[in-house]
Amino acid sequence: MNKSRVEAFSDGVIAILITIMVLELAVPEGAELSALEPLIPVFLTYVLSFVYLGIYWNNHHHLLQAAERINGTILWANLHLLFWLSMVPFITGWMGHNPFAPVPTAVYGVVMLLAAVAYWILQSAIVAHHGPHSRLATAIGRDVKGKISPLLYASAIPLAFVNQWMSDTIYVIVALMWLVPDRRIESQFRAKRV
Amino acid sequence: MNKSRVEAFSDGVIAILITIMVLELAVPEGAELSALEPLIPVFLTYVLSFVYLGIYWNNHHHLLQAAERINGTILWANLHLLFWLSMVPFITGWMGHNPFAPVPTAVYGVVMLLAAVAYWILQSAIVAHHGPHSRLATAIGRDVKGKISPLLYASAIPLAFVNQWMSDTIYVIVALMWLVPDRRIESQFRAKRV
Amino acid sequence: MNKSRVEAFSDGVIAILITIMVLELAVPEGAELSALEPLIPVFLTYVLSFVYLGIYWNNHHHLLQAAERINGTILWANLHLLFWLSMVPFITGWMGHNPFAPVPTAVYGVVMLLAAVAYWILQSAIVAHHGPHSRLATAIGRDVKGKISPLLYASAIPLAFVNQWMSDTIYVIVALMWLVPDRRIESQFRAKRV
Amino acid sequence: MNKSRVEAFSDGVIAILITIMVLELAVPEGAELSALEPLIPVFLTYVLSFVYLGIYWNNHHHLLQAAERINGTILWANLHLLFWLSMVPFITGWMGHNPFAPVPTAVYGVVMLLAAVAYWILQSAIVAHHGPHSRLATAIGRDVKGKISPLLYASAIPLAFVNQWMSDTIYVIVALMWLVPDRRIESQFRAKRV
């Protein structure tokens, strides 16, 4: 199967998601600076989700580059990930327009948790197709960040009903944790080449 | 002619369709969990249509990969398929917002039927260009699923006026039937390589 | 310069234009078949514009494939063409919602005329870069269809104020005339290879 | 790392931005020519922003083509640039709908200034990765246009509160200044090949 077409399709979907999300930033009625004020939470949520989608694109880029073969299971695991990522513009708009409400803040965590699980399924499907002793499996290793993130999202969901700032803080922390690109695969490959 | 550009254009259109469909999930007014309730049918219809577009992308991926040559007829048969797929966001929104109405449920079947016919025309155009004894023609073989699907869609259209749940069930069954990726072409090619 | 990136960018823009145009087909309020009735002119205009954008993609595909080199002038001539094509969703929506009004019908012709002129400029820029005796220049030849189309659009503009059906007929005729893919370049190249 | 996927993703995002911007040109209510009148400032702002995004795509095209290697810093510098470019449809809509208001005109300059700074960061990250004596670093040279543009944007921001036509004029001048494609890198590479 053709890996490059899977990459191109995924890039297309993520590029469109990251871009149509900006449509939630509706042009305000007034022309004063104060007209932008109600947009501040929408803007900040947009920044957060933009970073998240950027992280997913980045990690997806590394993961698929390390993959040598694709099969039907991987194709559908990839579409499953894209499905949950496609919920990001919706939940970004809902949380952005209701920044102090617990339910949208919790549902943001639910979407992020399901996307993280979908990424883990995709990664597992690729590892299973390449074998447990493959270069890719070694490169992923213990996958600490990949295991901590779902736990943090899962804790952010109930915390949103205590104080939504705690959940928001967790979302920012997970994003910052991932902003460092996934150098494991890169370095592993570089090491092997030596 | 350049097959890769046809693939890239089709991927682009399908990626955009699968993504703008999510715009039908309008951000709700309220911030309570109950505000999501009226969105449940829209969400479920979105899931169904997402799976359908994923199936089309998947099968299109296999079909074009097996094709060795492209001509003008194939280009237009491909655009014709993309045209009917471009109706999916519209009909998804209409059926999602009117989950218990017979007409949108029937029109969903009409769009799916026309897309299936368009796919069949595209496949036939590619086979005709490669010859009846080509590897591709052998790989497609009797094409049982491709022949049953239009019949099922055609039966779902009148059934929507009896009980729309019967049509919905048929749409889900056809989707599940196709979720197994089109291994025929793959296995045929693998066999030939041995 | 990298021709494939110009092709990819153009494909992306045309794929998005052809797809967001469908957003003009707003989901109707009612769930009866009669709710689709006011959408019929929008749908028919959508079909027409879909075919036009398909034709542009198709001819653009052939033109750039025949091009061997790209320069800055060609890049901007290409962006200029994409600009006028980006007006197609707007004018499709306006004409579709006002099917019997002369001004939108005339402005549809203006947009099509400007897009045709932009295509002609792009073609001329590519020919100029390859030389008057290049394979490409010979392949384009007298370019009869490329010269007739602007004349037909130009005549459709004033005719819209006489009877908009005359303009609509002209738009359909030009589309049908182009539906035959641009075999000139193809056949020329095939001949040369022999 | 895979440079072509970074190019494809960036092309995708810029292609979508340049296209969804046209959605700000909402189909007018009336069918008279006068119905288009209030759209004139939106149209002109669209033209300006289309040219700006075209310039960014063009220069980005040259910059990445000259780059031989990509690293994590470059990936994120690129996403940072795409983030500010994703603000262009919003600010185009706001300035287009309020053509004589100082705040939107000034904020247009702010977005353009931040995008220019983001481009400069991306360029610096690529140069840093290739070394100060690389072909790329030599090709960029003194980068006069890249240094003047932010100064002009920065001056247009306060001038919007004096007279917004002064700022508009500056925006047009910067666009015209860049319309000449970035021949430095091209000519440098051509010279080296000789």
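When the chains are written out, they are named A, B, C and D in that same order, and each has its own residue count from 1.
Heads up, the rule we're going with is that a residue touches a chain if its C-beta (ideal position, glycine included) is under 8 Å from a C-beta of that chain, and two chains touch if they have at least 3 such contacts.
No experiment lies behind these values; they were computed from the predicted model shown.
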Exercise. Listed by label, which chains are in contact with chain C and with chain D?
Worked result: none
Exercise. How far is the middle of chain A from the middle of chain C, if each middle is the mean of its Cα atoms, in Å?
Worked result: 38
Seminar exercise, completed: When centres are defined as mean Cα positions, the distance from chain A to chain D in whole Å is 27
Exercise. For chain C, which residues are shared contacts with two or more other chains?
Worked result: 8, 12, 16, 20, 23
Problem set entry | Chain-level touch network, classified as line, ring, star, complete or other | ring
Exercise. Name the touching chain pairs, please: which are they?
Worked result: A-B, A-D, B-C, C-D
Problem set entry | Of all residues in chain B, those that touch chain C in their complex | 1-2, 5, 8-9, 12-13, 16-17, 20, 23-24, 72, 75-76, 79, 82-83, 86-87, 89-90, 93-94, 97-98, 101, 103-104, 107
Exercise. Taking the complex as given, what residues does chain D use to touch chain C?
Worked result: 7-8, 11-12, 14-16, 18-20, 22-23, 25, 27-28, 31-33, 35-36, 47, 50, 54, 57-58, 61, 65, 179-181, 183, 186
